[in-house]
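Across the two complexes that follow, chain A remains constant while its partner is chain B and subsequently chain C.
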Partner chain A sequence: MSIAQQTLTNLVHYNLWTDVTVHDVQESAESTPYRFALLSGLPPSKLDQSDKEGLREWVIARLLEDRHSSMSEIEQFFRAIESLAPRPKRVTLALVNDDATVTYYFVHDGAIKPRQN
Partner chain B sequence: MLKRRGKNFNQIYRNPLPVTLSVDKYGQIPPTSLANPVSWISLACRLLYIYSHLPPREELTKVISDEDGLTFSVADDQGSMRLWRQGFFGKGTLSRSEPSWKARVEQRLGLTNAENIASEDVTAVRRGERKAFKGLRQEAQKLEQLGRLRVLNEDEQARYKSLVDQMDAMRLGKETAESESALKDESVATDKGEPEDIGRKVQESLKISLVEEDDNFPVSELREEDRTLIDPETNTLRANLEALQLQKTEVFFLLFALDAVKVFKNDSSLLLQELFYACLGSSHSPDNKFLLDYVVYHHFRSLGYCARSGLKFGCDMILYKRGPPMLHAEYAVLVVRDGDCGWTDWPDFMALARVVGGVRKTLVLVFVECPTQEEFDEILLSELDRCALSRLFLRYKVTEVVYKRWSPSRTRD
Partner chain C sequence: MGDLIPLVVNGGSILVFELSHVKRLRDLGIVGILSGTLPKAPQQNVFLGLPLRLSIYEAAWLVNQSLGVLVDGLRYNEQVLNISSLKEETVELQGGVEYVVTEDTYSQVDDEQLAKICRDAEISVDALMVRLFGSVKTRQHLLSAAFNYFRDRDYYLMPGLRFGGDFVAYPGDPLKFHSHLILKVLEQKESFDLLQLVTSGRLATAVKKAWVLVGESSTQRNKQNQKPSLHCFSIEWAGFG
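Entry: the complex of A and B
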């Protein structure tokens, strides 16, 4: 199963998201090939208290094993979304492990006020 | 660190590995006494019987590798149950550990009357409580802010007071539950503060959610995604979307060390050698991450530990004394290539030790000494059967070091 498919199944049937779709991302010719897949969907409840109700969440699925990472790759996440929709304030990074665990992290576009735990 | 008691664990999880012993199949050896020659005969007969038969073998569990060779999964329920119950191999793709998705979904959609409590439900209840607390806190904080700007009116003051009281009650409830469970078993430190009455709470919350579903959420208001799962004629689930997924180290251990599985890719079965190369990936060097992990995995499995992925604690593996249902993992293992000055540096150990200390586990650094590239290449060039692979793994050396933070001021007299 591809990482996009694994993440989709996990979001829909484990985290109970709705209307999850996998997006085809156009890679520009000069940039390095993408190591991630792009998805979007609606979480069952707000992911952060300051979110607007019914906000569509962007998810970047990526293989955990693939240790390489860089600032330019994080920029690629946002570029890929920008080609489809306005640039979001944050994306959710889904790291897929080889035991089918998917761990989720927020990646913000710049510094934000830390949230109260 | 005991988790839950009063279950017949010894019966369900009788075999620590998916291996059938002669004793299981042919029964115990009859009692013998020196003074009774008849008992010698029956012993001799039994031994002759056992040695004249091949050792008992169960049918090999079928493991399917996907086309990219990224995942290994067991699709049939019987095989999944065998590998899970006998050694806790793999993880349900839609569960936290044991495959329980089908039972959970049936309960969520009200397709069954059975009352099972999955570990995921326990977590959900705890998270729900925390969320309710946060809601109260947010409202209270808003009132506090308002109070700094102007004097609160009577209604607001009363509301603020009741919020504070409710929050105090919630905090107090949590503390007493924790101290009660600590009192019940003083030697046991509660790992995640899981109170004993959590089972009752979960059952109550499940009942509530079921009642709500009947009254407020008729089937037509289910998620589109859920409706496609249910077969309307029989009112049951169409298919089990979950499979037991094995890590590379697990599947290789099951084939190489135990010979308990058969691995298929595109309908043809993989030889041990082919699986080895599939796990190894493109980097054919002695310090390949899979090789280091496997050496350590095999080492701890041989010592009787149950080793599982340590992803959630930022380490390579966590070690259970018996298995996840009975005890919390006691050790967190980080695999370090001896002499490596890569990302595993002393500050990294420190950071990891704090994380691992926070969940009351002991950090074990496992240093692995690798063979040289020449030795490695020489073995890989020969025919890679089980013998050659054993020879390769014997060249690795494993040393464990327990890493503990010591704070002098706290241990001073």
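Entry: the complex of A and C
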């Protein structure tokens, strides 16, 4: 199963997201091939207090197995979304492990004030 | 020049001995680390006092802002001693320990004299970097740029080792606030391990902070003034999964 499918299954059936879609990402010719998949969906409840109701969340699925990532790859996450929609303030990074665990991290664009939890 | 705070370089340390200077630095958002022990307890590691020890990044920021001047400790102290007359006097305190009591050296040196001494003993940031690191390394410049970036945005910075980063950033004086950000500075094309994103991101969230990657932005590099333009991404646990 592809990481996009695996993440979709995890979001829908484990985290109860709805309307989850896998997006095609156009890679620019000169850059290295993307090692991630792009999805979006609706979480069952607001992920952050300050989020608007019904906010569509962008999800980047990435295999934990290919260990190395960089600032420029994170920039690619945002670029990939920008080819479809305005640049979001944050993306959710889904890290897919080989034991079927998927763990989710927010990647915010810029320095932010941490959430009060 | 008289207003410049002398930052005395002794060996590899940048030290501030004057309490009024330490107070001014605090108001400027430069915290440093108190490093002085009591003479009887040289292994003391809490409740430390003067001198205040500054990091090279704090010192470089002060010099850039024309608030401080780096001076060579040996030349500086020789000249201060020449002006002030030391009346050394040995007194014996309880326990038979002898102390040498000296008068406050600064009270005898006026601002004009101090400014002249600072001019004579001044060393540049780059010269100190070479002295500390062998040669001027790009990593140190980048750390310095990251320090400046956050200090100029009103964050107070402290060493990041406690939380596994390069710096910890506070939204105000660290005595009044908890820190918000754990900064990890990355060179251009430097990679990081995704497992580190998990461990650092989870740790940061557990202590109500964000793990912030700081690096040079590849797109808007300003070639003319050689100043790296910085970009950051903040990482937090998403709260599910």
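Going forward, the second predicted complex is superposed on the first by the 117 of 117 C-alpha atoms of A that agree within 3 Å, B and C clash if a C-alpha of one lies under 4 Å from a C-alpha of the other, contacts with A are read in each partner's own complex, and residues count from 1 in each chain.
Everything below uses one rule, namely that a residue touches a chain if its C-beta (ideal position, glycine included) is under 8 Å from a C-beta of that chain, and two chains touch if they have at least 3 such contacts.
Quick caveat, the model's predicted, so the values are computed rather than measured.
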| item | value |
| --- | --- |
| Fit or clash - chain C, chain B, common chain A | fit |
| First, second, both or neither for A:L64, with chain B first and chain C second | both |
| Touched partner set for A:D99, first chain B, second chain C, both or neither | first |
| Touching partner for A:S50 - first (chain B), second (chain C), both, neither | neither |
| Vertex chain A angle, Cα centres of chain C and chain B, expressed to the nearest 10 degrees | 90 |
| Chain A residues touched by each partner, larger count belonging to chain B or chain C | C |
| First, second, both or neither for A:N10, with chain B first and chain C second | both |
| Which superposed partner A:R115 touches (first chain B, second chain C, both, neither) | second |
| First (chain B), second (chain C), both or neither touched by A:S83 | neither |
| Which of chain B and chain C A:T21 touches, first, second, both or neither | neither |
| Chain B and chain C, minimum CA distance [Å, superposed model] | 5 |
| Doubly contacted residues of chain A, that is, touched by chain B and again by chain C | 10, 14, 64, 103, 116 |
| Complex contact set, residues of chain B against chain A | 66, 68, 70-71, 90-95, 101, 105, 134, 137-138, 223-225, 241, 245-248, 308-309, 311-312 |
| Partner chain A, residues of chain C touching it in the complex | 150, 153, 169, 171, 180-181, 186, 189-195, 197-198, 201, 204-205, 208-210, 212-213, 215, 217-218, 231-241 |
| Residue ranges of chain A in contact with chain B within the complex | 1-3, 6, 9-10, 12-14, 16, 18-19, 49, 63-64, 97-101, 103, 116 |
| Chain C-touching residues of chain A, taken from the complex the two chains share | 10, 14-15, 43, 47-48, 62, 64, 66-72, 74-75, 92-95, 102-117 |
